[in-house]
Amino acid sequence: MAMAVKTKLEIVIPKPDLHRLKKILEYPGVGGYTIIDDVKGQGQRGEKDNLGLSDSFTNVMVIVVCDTEIAEKIKEPIKALISRVGGIAYHQEVNWI
Amino acid sequence: MAMAVKTKLEIVIPKPDLHRLKKILEYPGVGGYTIIDDVKGQGQRGEKDNLGLSDSFTNVMVIVVCDTEIAEKIKEPIKALISRVGGIAYHQEVNWI
Amino acid sequence: MAMAVKTKLEIVIPKPDLHRLKKILEYPGVGGYTIIDDVKGQGQRGEKDNLGLSDSFTNVMVIVVCDTEIAEKIKEPIKALISRVGGIAYHQEVNWI
Amino acid sequence: MNIEQFLNPIILFFFLGVLAHFVKSDFQLPQSITKFISYYLLMSIGLKGGYELHENPITIQVLLILISSLAGSLLIGWYVFHFFRKRTDIENAAGIASTYGSVSAVTFITAVSFLEQHEISYGGYMVAALALLELPAIIQGIFFVRKNQPDQQLGLSALIVDTLTHGSVFILLGSVLIGAISDHDLMEDIKPFTHSIFKGMLCFFLMDLGIVAGHRMSFLPRLGKRVIVFGLIAPLVHAIAFILVGRLVGASPGDAYLMGILGGGASYIAVPAAFRTAVPEADPGIYVPLALGITFPVNILFGIPLYYQIVQWLWQ
Amino acid sequence: MNIEQFLNPIILFFFLGVLAHFVKSDFQLPQSITKFISYYLLMSIGLKGGYELHENPITIQVLLILISSLAGSLLIGWYVFHFFRKRTDIENAAGIASTYGSVSAVTFITAVSFLEQHEISYGGYMVAALALLELPAIIQGIFFVRKNQPDQQLGLSALIVDTLTHGSVFILLGSVLIGAISDHDLMEDIKPFTHSIFKGMLCFFLMDLGIVAGHRMSFLPRLGKRVIVFGLIAPLVHAIAFILVGRLVGASPGDAYLMGILGGGASYIAVPAAFRTAVPEADPGIYVPLALGITFPVNILFGIPLYYQIVQWLWQ
Amino acid sequence: MNIEQFLNPIILFFFLGVLAHFVKSDFQLPQSITKFISYYLLMSIGLKGGYELHENPITIQVLLILISSLAGSLLIGWYVFHFFRKRTDIENAAGIASTYGSVSAVTFITAVSFLEQHEISYGGYMVAALALLELPAIIQGIFFVRKNQPDQQLGLSALIVDTLTHGSVFILLGSVLIGAISDHDLMEDIKPFTHSIFKGMLCFFLMDLGIVAGHRMSFLPRLGKRVIVFGLIAPLVHAIAFILVGRLVGASPGDAYLMGILGGGASYIAVPAAFRTAVPEADPGIYVPLALGITFPVNILFGIPLYYQIVQWLWQ
């Protein structure tokens, strides 16, 4: 798989909605993902300061590297999720080592 | 805004200087940012091991996705900040979902 | 060094193997790196949930920005390390500020 | 008015935390510590409640207390929803309704330590009531939203499971259960942990909560004057109504006092957790600041001593 | 069978944690808290052991206990390796062998609090034995792998240093040492921390460990029936064998009981740490779930009271 | 020389932490735990100081102690700056000056527990002095830098606010205040938290600090021999000078001892925090290793018992 070009998706969403995103990432062909827990942020919906006990003001960041066709497939449900619960997502090409 | 090409900036700076960076990011048109707290690192100024109580040996990583013109505007003050307090910054194009 | 094009490597590996990666990154010309501690993930070797006391189910993410020739040099040992202990790595071009 | 609460270190630490926010101090506990101490507090109070539940089995009297509290909680949720329905969208009206119908564990814990300091006894079932009363107003609030969206299913059982398994509810209920069934001799060994250092941990926790409350207060200007006035007055009205009901059903002073605390408290842990899952359209930037930035301080500063005076006066 | 353990809050909290996993509760302690409490427990037990080591100098009797435990530990590692060698690859067979040959600190700590509750004394050197017995079976397991890979060096001294400096081993050994050499009057001031709140902290820790165990149990179906049956029976067999040896070498009831705990326990902290370094090809998804998801619960639920009855019966 | 400190578990745990670093143990407490315990220690000592401040109102005598300590602190800052000004750049000279002019809270806390163990009383105002003396030498150091950069404003009031609101200063001052005004009966309930487990928490904290100190020691070779010799000798000289001043102004033995600790201590929390904000050009890789890697160990290992002997000798 050396030097293959892949697509990297980076997604920031509210922590309580992570399970929804994980469900999307069960799509066949998504080989894995990495989760950076408890990130803070600022966006249209105000400040997420990672304080308090309900995780309502906490984000997580998820990184997915997969084939470009697969990325095309999961983009729409991710977009729909974000428009419902907040967050951002974007993608880029990367060279897999 | 679907599939628009944007610029992603990634900035690593000492945690005690985060408020300075936040001030730069108040620039109009910067819609938001994501903060990964308490990262470690190695650079010209030695090791940052995220130990101790003064946050002097702790970094933060900040991710900003914005329009390319806006990115051009905030690059200079970010560069000036980094040359004063340490850290790194770089940018890339990304496709906004 | 302004606006120079560099290569950014992102590497996710099991936390107990971080010292092996650090040894690779001592390669001359690698000016520094940033470590995001304690990330979670899902991959071929099952779930890494960042639970327990032995760090066996915990990952770290390491970001290295360096000259493209240097990146070419350290790619092979990183690939060999990952194939032995698990994880992923990929690289992209970035514009250094 | 009695200034006793102003000299109570527990309360003072809360306001030290609020102050830390407003003077932009970088004093801040990592979220992991906040979680640790909150679970500790819930575990301790749960074990204590369970222990006493075991000693004093449930009577008709107790059932009356529980049922009337449940009814009161739903009534609050119902009127608050209809009050805000005219002023904001349906999701946020439901969020505020559930917030005030449900209960506040931290207010309860602070009130319990106030009772103990005045050596007034209360029933262990009140702790079980705390755990159980978190739920109904949440379900009611979500129901208000769903019945206006006939395409979405209510998913009632999933919702109940979700709320009962939310971290803070789960450990409280679990600890009540363990407290109730454990061997009492073995429980004694745990007391230095759950009892002796409890008040100190509470101080520490409230200082941290003060910082969070300070952060949430910065959302308040967005809410409008009316909403803020509601947040100031509602806890007192709800609490007094609950205390009166307690008097009617013949509760003991300690139990009626805690009924007041259940009625007056507003939830800022279980409600946002459940609403983030079930009604993500409701904005936690509205109902959390209201509960934590206004109602909580009103309750611990003014409510806790005031309700006590009312109880003393009604039961004298 | 005695149901005492089912009413022990320590055990109940472990199962509350397991339950939290299975009902998908979001109750979870951050890893930083888990580390804090585990280091606290190891420090406390270490200081205690060191303190008593100082009081009761080492005798021939004690040496016999240590040597026979060491031999037993290597014997377990040897037979387990050869048993699994036929059923799986060499790295995983070695991982399982080291897991069962080595010891479980948390099982030991839980057993010590069981002993104290029954007012049975034991020697402080048993805590030192706990720390020292983590090592030999690990080295043996890695040796099994390396002697089949003649190109790789054993790096014995690096390996010993690595294991002895692993966080949990290091603090245990360090605390034993500090406990042994510290001024006893000064140690008294630390007791409210290391003794009074110990059981409560243990409850808290076991709840957390229950969640981790729950997570690891989800790996079990992959392991196959045979392996699981091994995980269920092996601890009982190993423990009883060790207790019998204890009887033979003339150990006291408390010491023999703890020998049983050392034999019966399976390591899920030191072994994965060492194997991740020395044999990364061995899959922690096999030996950790076996130790933590099966053997640990068997030991604390059934083993701890059973071994006690056996000791009572043998020493009566 | 008295070996007592070598048998003190508090000190031994510090060196266990240092050892952990040098044997490359992966034993390490997450920063969240370090913060928690340090805030706990500051809160506990602050409450205690405030409580006693309340009991013993401030006298002329006390004012003399405070004023002479303040003068001493500025004098140290002044001479250290001019001493290093010739040897390094202005920012780092100022950083070292502020470090030694300011005070070390952890050294103070360790010294207080030494005093208590020897049953020597001290005034609660000394804790207030600890909080207040963090500030002046920091301002002075920053002033040295700014007066050489006429284009930059001093921003004195912003600087004072910044330092007083730094996490560790803020909680210490806040706790002194709460301790002073709180109802004393309510304070009793907090004592098991703030007093009983204090020494154990301190052990734990010092072990962690030992690791940090170990890390910082790896910067030492860069500093050069002269600087290191300064770090070894300065604390002893400063402390003895402060004790003598204490004798002159008629302080009690306990107060004079703590004056010595204030003088001898070097700040590695408040100073780097303030300098990172005000003088980011100063390298924390210089002044922090000096304070934490050399002066702190010298103080707790040799200073604490030595200053005690000097006090005993001067007041006998």
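Lettered A, B, C, D, E and F in written order, each chain numbered from 1.
To be clear about the criterion, a residue touches a chain if its C-beta (ideal position, glycine included) is under 8 Å from a C-beta of that chain, and two chains touch if they have at least 3 such contacts.
Remember, it's a predicted structure, so these values are computed and weren't measured experimentally.
J.: How many steps does it take, at the fewest, to get from chain C to chain E if each step moves to a chain that touches the one before?
T.: 1
J.: Common contacts of chain C and chain F?
T.: The shared contacts of chain C and chain F, listed by label, come to B, E.
J.: Average the CA atoms of each chain to get its centre, and name the chain whose centre is farthest from that of chain A.
T.: Between chain A and every other chain, the largest centroid distance is to F.
J.: Averaging each chain's C-alpha atoms to get its centre, pick out the one most distant from chain B.
T.: That would be chain E.
J.: Whole-Å distance, chain A centre to chain B centre, using C-alpha means?
T.: Roughly 20 Å separates the two chain centres.
J.: I'd like the Å distance between the centres of chain A and chain F, where a centre is the mean of that chain's Cα atoms.
T.: 45
J.: Between chain E and chain F, what distance separates the C-alpha centroids? Give it in angstrom.
T.: Their C-alpha centroids are separated by 41 Å.
J.: Which positions in chain D are in touch with at least two other chains?
T.: Chain D, residues with two or more chain partners: 26, 28, 30-33, 35, 167-168, 192, 196-197, 273.
J.: Would you mind listing the residues of chain A that make contact with two or more other chains?
T.: Where chain A meets two or more other chains at a single residue, that happens at 36, 38, 50, 55, 92.
J.: Every touching chain pair, please?
T.: Touching chain pairs, listed by label, come out as A-B, A-C, A-D, B-C, B-F, C-E, D-E, D-F, E-F.
J.: Which part of chain D faces chain A closely enough to touch in the complex?
T.: Residues in contact with chain A: 28, 31, 34-35, 38, 167-168, 211-212, 215-216, 219, 268-273, 276-277, 280-281, 283-285, 288, 292.
J.: Residue numbers of chain F touching chain E in their complex, please.
T.: Touch list, chain F to chain E: 4, 7-10, 12-13, 16, 19-20, 23-30, 32-33, 113, 117, 192, 196-201, 203-204, 207.
J.: Quick one: which bits of chain E touch chain F in the complex? Just the residue numbers, please.
T.: It comes out as residues 30-33, 35-36, 39-40, 43, 47, 161, 165-168, 170-171, 174, 178-179, 181-183, 185-187, 189-194, 196-197, 273.
J.: Under the touch definition given earlier, write down the residues of chain A that touch chain D in their complex.
T.: Where chain A meets chain D, its residues are 14, 16-17, 38, 45-47, 49-58, 84-85.
J.: What part of chain B is in contact with chain A in the complex they form?
T.: Touching chain A: residues 2, 6, 8, 25, 31-37, 63, 65, 92-97 of chain B.
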